[in-house]
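One chain, chain A, appears in both complexes that follow, with chain B as partner in the first and chain C in the second.
And now, the complex of A and B:
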C-alpha cells in the first residue's frame, strides 16, 4: 500500500521534471541556457529521490543539454551575422531549420513524456534513455 | 499516544506531509509519550498549497522560502532576484514538496 502511495508522489515529481523544463524554455527564450539551468536545479533538488524520479530528471536534463548545445550554436551564429562579420548563407538557414525541427520535436516529446509519466507509463527517448540507464544508479 | 489521538491528528494534518510519510508518522506517534502531545500540537505546519501561491506571487523575492522558515535561502533568493528567474521557476514546481519536507523536519524535532 505504501509503495503505491509513494508511486503517486514519484509520478508527479517525475512528470514535473518535464513540465518544468518546458515552462523554463518558454520563459527563458531566446536564451538557451535558462531551461538547462532550471532542469539542472530541479535534478539537484531531486537527487535523493527514488530511482524513478532520478531517472526521468536525468533524461530530461540530458535532452535539455543536447538541445542547449544546438541552440547555443545557432544563437551565436545569429549574433555574429547581426553584429559581426558573417553573412546569411544557405548553411545558416539549413542549420536553423534543423535546430527548429529539433526544438519542436523536443517540445512535443517533453509534453508526451510529461503525460505518460504522470500516468505511470514508461517514456524512453531514443539516444537519451540508454545513456540515462548508464548514469542513474538503482535504489539499493 | 493512544490510537484515537494519533488517528485524529493524522486525519487533520495528513495533507501537510508527503503521502508515503504518513505510515511512518503513525508508527512514531503511536510510540510517542503523551507528555509530548502539547509540543506536537504547538508545531506550526506550513500549508503546501499556500506555499505554491506565495511562490507564484512572490517567488522572485524569496517569499516562499521565508514562509518555510528558510531564511538563508530566502535572502539568497531575494538578492539574486530568484536566481535570475531560474530558481523562481524551479520553486514553482517544488514548493509543495518543500513545504511538506519542512513540516516533516519540524515534526521530527518533536517525535525524535
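And now, the complex of A and C:
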C-alpha cells in the first residue's frame, strides 16, 4: 500500500516537472528565461528523488534549455529591430516562424508527457531522451 | 551520447532548412506593397523615370543597349538575381552621376560613362546601384524621407507638377552610411562572383574624389559618407586577397567604340 502511494507521489512529481514549465511559460511570456528558471528550480528541489522523477525532471529541463536558446535569440533579435540597428527582414521572419513552430511542438510534447507520466507510462523525447539517459544515473 | 549527437545534428539541419525555406517568403516585399496603398513600386518607378526624362533625354541605341545589357547579364550570371528585371537607362547629362529608382530602374548619365577609363569602372557603379535595389534601400529611404506620403498626396491633388516635384526628390535621395557601406560590400560580392575585376570601383572612387575636391560636387553613388578614401581603401584591401580569375568585360577597342557610340547617339 505504501509503495503504491509513493509511486503515485512520484508520478505526480514527474508530471509536475512538465506542468511547471507550461505554467511558467504562460506567466513568463515574453521573457524566455522564466520557464527555464521554474523548471530548473523544480529540478533542484527534486534532485534527491527517485530515478523516475529525476529522469523526467532532467528531460523537462533539457527541453526547456533548448527552447530557451532559440527564444533568447529571437528575443534579442526583436529588441534590436525595435530599439537598435537591425531592420525587419525575411530572415528574421523565417527565424520567427521556426521558433513559433518549435515552441508549439514543445508545448504539445510537454502536455502529452505530463499526461503520460501521470498515468505512470514512459515518455521519451526523440531528441532529449538519449542525453537524459546519459546524465541521470540509476544507482543514485 | 553518440545517439544524442546524431539526433541533435539532424534536428539542427532540419531547423536550419526550415529557416531557409521560411526566409524565402518575400514578406518584406509584401509589406512594402501593402503600405503603398493604391501604388506599387513599378508605378513609382514609372513616375520617377518620367520626371528624370523631363530633365534629360534618354539615349536609345542598339549598340549601347547591347553593351549595358551585357554588363548586367554578366553581373547576374554569378549571382542570384535575374538580369531581366533591371531597366538600365543611359541619359544625356554631363553631370557625373548614376542612381537607382524604384521599379528596378538604374539611370546612368553620359558624364559618368565619359569619366570611366574602362568597363570595370562603369560596371562597378552598376553593381553598387543594383545592390541598393536588391537590398531595397531605395524603398526604405523613400519611406523614411516621407517621399511615399508626398507622392500619394501629390497624386490625390491631381498629379501634374506636384507629382513631378515629389518624384524629383528621388534622384537626389541620399542613402545612409550603413546603406552605402552595404551597397559597396554587396556590389563587390556581385563583381567577384561574376569574375569581374572589382578594383574598378576603387579607381573610380579616387578619380571622383579628386574631381570633387576641385568642384565640390559629389554624386549619389559616391555620397559624402562614408569617406571616399576609406571606401576605396576597403575595396583595394579586399582585392589584394583575391585570386586572379577575372575575365575582362570587353577589349580596349570595344570599350572605346562603346564610348564613341554614346557620343554619336546624342
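Please note the rule applied: the second predicted complex is superposed on the first by the 136 of 140 C-alpha atoms of A that agree within 3 Å, B and C clash if a C-alpha of one lies under 4 Å from a C-alpha of the other, contacts with A are read in each partner's own complex, and residues count from 1 in each chain.
One rule holds for everything that comes next: contacts are C-beta pairs under 8 Å (C-beta built on N, C-alpha and C of every residue); 3 or more make two chains touch, one makes a residue touch a chain.
Keep in mind that what you see is a predicted model, and the values were worked out from it rather than measured.
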Quiz item: Of the two partner chains, chain B (first) and chain C (second), which one does A:134 touch, if any: first, second, both, or neither?
Solution: second
Exercise. Would you check which partner chain A:93 touches, where first means chain B only, second means chain C only, and both and neither mean what they say?
Key: second
Exercise. With the two complexes superposed on chain A, say which partner A:126 touches: chain B (first), chain C (second), both, or neither.
Key: second
Quiz item: Which partner does A:101 contact after superposing on A: first (chain B), second (chain C), both, neither?
Solution: second
Self-check item: Footprint overlap on chain A, comparing chain B with chain C
Solution: none
Quiz item: Taking the complex as given, what residues does chain B use to touch chain A?
Solution: 18-20, 22-23, 83, 85-87, 89-90, 92-94, 97
Practice problem: Mind listing the chain A positions that touch chain B in their complex? | Solution: 1-2, 5-6, 8-9, 13, 16, 19-20, 23-24, 27-28, 34, 37-38, 41-42, 45
Practice problem: Could you please specify the touching residues of chain C with respect to chain A in the complex? | Solution: 1, 3-4, 7-8, 11, 15, 18-28, 31, 140, 178
Self-check item: chain A to chain C touching residues, read off their complex
Solution: 85, 87-91, 93-95, 97-98, 101-102, 126-128, 130-131, 134
